[in-house]
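There's a structure below that I have some questions on.
As written, the chain order gives the labels A, B and C, with residue 1 at the start of each chain.
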Amino acid sequence: MSKTSSGNFFEDFQVGQVIRHATPRTVTSGDQALYTALYGPRFAVQSSDAFAKALGYAHAPVDDLLIFHIVFGKTVPDISLNAVANLGYAGGRFLAPVYPGDTLSTVSEVIGKKENSNGRTGVVYVRSTGYKSDGTEVLDYVRWVMVNKRDATSPAPDPVVPELPAALDPQALGSAVPLLDTAKWDNDLSGADYRFADYEIGEKINHVDGMTVEEAEHQLATRLYQNTAKVHFNQHTEAHSRFGHRLVYGGHVISIARALSFNGLANAFHVAAVNGGRHVGPLFAGDTVYAWSEVLDRSEIEGRTDVGALRLRLVATKNRPCDDFPAQDHEGAYLENVILDFDYWALIPM
Amino acid sequence: MSKTSSGNFFEDFQVGQVIRHATPRTVTSGDQALYTALYGPRFAVQSSDAFAKALGYAHAPVDDLLIFHIVFGKTVPDISLNAVANLGYAGGRFLAPVYPGDTLSTVSEVIGKKENSNGRTGVVYVRSTGYKSDGTEVLDYVRWVMVNKRDATSPAPDPVVPELPAALDPQALGSAVPLLDTAKWDNDLSGADYRFADYEIGEKINHVDGMTVEEAEHQLATRLYQNTAKVHFNQHTEAHSRFGHRLVYGGHVISIARALSFNGLANAFHVAAVNGGRHVGPLFAGDTVYAWSEVLDRSEIEGRTDVGALRLRLVATKNRPCDDFPAQDHEGAYLENVILDFDYWALIPM
Amino acid sequence: MSKTSSGNFFEDFQVGQVIRHATPRTVTSGDQALYTALYGPRFAVQSSDAFAKALGYAHAPVDDLLIFHIVFGKTVPDISLNAVANLGYAGGRFLAPVYPGDTLSTVSEVIGKKENSNGRTGVVYVRSTGYKSDGTEVLDYVRWVMVNKRDATSPAPDPVVPELPAALDPQALGSAVPLLDTAKWDNDLSGADYRFADYEIGEKINHVDGMTVEEAEHQLATRLYQNTAKVHFNQHTEAHSRFGHRLVYGGHVISIARALSFNGLANAFHVAAVNGGRHVGPLFAGDTVYAWSEVLDRSEIEGRTDVGALRLRLVATKNRPCDDFPAQDHEGAYLENVILDFDYWALIPM
């Protein structure tokens, strides 16, 4: 019997099954420096200990999406090594601040499973939870992936499809942010004057800048997250894939788009929840990513006068500027060159 | 009104205007590790806590040019987003050691402004100062950039051109270096026997080695510094620029040349001042950087017997070895493939 | 006389000569983060402070091969700047754990020297030892390199060829690993159930995955180690070399192969000794590395019931999957596309 893991196939997943993933990972200031070098984020809270401490944090917290990628990366060898596609995310909540020195690990529960009509693949729904070594939950989210069956003739299981919320309740947001003394929030240092009251539902923001992606960059990022999905790393095999190229990890796109969104959303410092997200087109090295945002909703949070919540749609394209806010056509089909449609709650000072 | 910043134009700058820049940035050992990976510097003081502490530092200080790039990067969104060219630097002084954990921010004052005869652009002179969060000044320098006017028909302001020193007075140097116990300076560990007394005015040193630059490298570096200048990152637009390529951040060239200069200047451990600097040609990924130095001056520093100052001219080329010390022709025009002419004071043990 | 080092030639080495190398280097969590980004290792002990502390470490130790590369890099300017080829390693022992904050330096002793029959080159044997600043030895190993003579007419020295062990005695292994409380070893978190008793002599493991190498990646790595060998960095000259490309540092291949070997050897957490190693083919950017392992030997270690030792042969290829375990033909010649043959002792919990 081989000691090499070949990952799990559709038949291997059971609803209710709990998987404790390898490898626990201590997040350090080195990881945060790399994250900065990879994406160029400029949000002051994550960038400056002094800025964060003045507000009430213990230190500058680790970037939310770095946490997401590390928690996610651990699930790949067990969940998506034989994935045909990463279909979507939902119900993601950031639950506690993570500081350099904290160790993260991930546990997943299989919450749904449905064979596709072709009989060769199926969809697996997993809720993954990231923990610190003291047991504090830092993030949980649901994702669903299309996975190959080991054997096309194995019988279809009874379908179990979980109900997923379209969006998180904003009243549940913010546990990763201590109560902030926002009198200390300095708009010059944070990069913009616009706060909660300045954003209106329906407002669209073109983030203007474009960022070209290199093979070395997405590979460094994806290895940093200990994400082992083969499609990101092996040109020898990907040269013969339908794309002919290594595929950039979808989370790399989210982080680029989020960093670009600083230009227009500089004070929206914290990703509090991921309502949903879809990678609607592939990204390859050499492509240039652009992004735009739309304010989908806004909400105060009961018991908090320091920060409010903006529900934001973040759309990313490749090789296509976003001055006309490209997304879907009238029938809901995504326009060519749209690659990401991401729906999240951000917190922003009042 | 757009929430996206489109940067400042020539008309937006007023002499005397003070700009507090975003984003404060805590420098960590992660940043220093990346700096080492990006350039391969081997100066012992910045590389080794043990070496630095033996001499009298609290720890190994952060590399001087990493501080420069971080302080500089913050100014880009406000000063040079619409810059046509970064024309030069002068009067740069390193004022205090920076250690991992220190948070840096930058304030700039507009000290000069002069419209060009074409009526479409002008030159803006800015003095930028980098601070720690406790108010300690760590670096100040002047730079001048050519900036587009928003409206070619707007009237020319009265020209104000600051007087800039050709070189810093060596007696003003060294405040970023504590008094060192240079009896503890170990030439084997530092990499060379040559000290202050061994260098003569007029001496030229070919640094021999060449370093090829990759797109991923200069992008990682420039994002690490949170420098947002579009020309470095967007191949989708730069493909149609006069160069057809992303332009490598000029500071990347300075750091490569400084790292190459270790071979011949291993004990010149500290950049104490930037007398002046010009990027006289563009660098692109795929090019190979070479460098040579000339000793322009040397000076003892009153009250210090530990270190002396060497005024060095550091010239970098691309795709051209420097055994014949290429720079300018008889009429002062830079030779083809010369890309940097940088004049600085370095400290070196007596 | 030039202040620029042109390295040592065959005539410059004397048997018994001791060389203290520049530059001492404090290893930080930033270096470890970069190491993770460069190779994607997933061994739990090096990845997680919490996992390592539970077992009895002070913290997560720095990756063994990162230590190797840093200790090795320091020797390059003195030993192998004029090397024609890095012929092999032997007798390498990891002697003490290295934690972030430790400063490493290297001392080498010339232990052998033999001119080649062509009269133009010779082989130099060096034992290099890495130290912490408190004098603790962390690693020693022998390597031999083919070095150019400065002058082909200089007389051949009496040959001195050291006796080198084919393999380290397993009873000498393990001093870099404290006695571990392996009751705390969690197979879910470490990534596999297989421990010492589960591996048999002669067993071969295909590590399945492939990793494509980029120029920016190997240059970042090699500079991180302050390794200055010209062949890795200068495309302007290497374009005219026999290969036409920059050569990837051999240690980069070892680290990629070791990281790939996690899939099949997840619990073999520590490289305790390097019995021998040869780079049998060159690697260039764009190539994809694969690897397989063979268990050559296994041994308990007297006085230890926590860990045992596996002697492993780690073979890496380029652009060639390893399902048929490629290595040498019947006459001992390496098959095309085999690039590394590495023999080491790993420790693994009982």
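The rule is simple: a residue touches a chain if its C-beta (ideal position, glycine included) is under 8 Å from a C-beta of that chain, and two chains touch if they have at least 3 such contacts.
Bear in mind the structure is a predicted one, so any value in this text is a computation, not a measurement.
Rotation angle for the C-alpha superposition of chain A on chain B: 120 degrees, rounded in steps of 5. Counting the residue numbers that touch the partner chain, chain B and chain C have less than half of them in common. Chain B and chain C have CA centres that are 36 Å apart.
Residue positions 28-31, 33-34, 214-217, 220 of chain C are each in touch with at least two other chains. Considering their complex, residues 28-34, 36-40, 42-44, 47-51, 60, 188-192, 194, 198, 205-212, 214-217, 220, 263-266, 286, 288, 319 of chain C touch chain A. Residues 2-6, 20-26, 28-31, 33-34, 77, 100-101, 103, 105, 133, 214-217, 219-224, 226, 228, 230, 233-237, 246 of chain C are the ones that touch chain B when the two sit in their complex.
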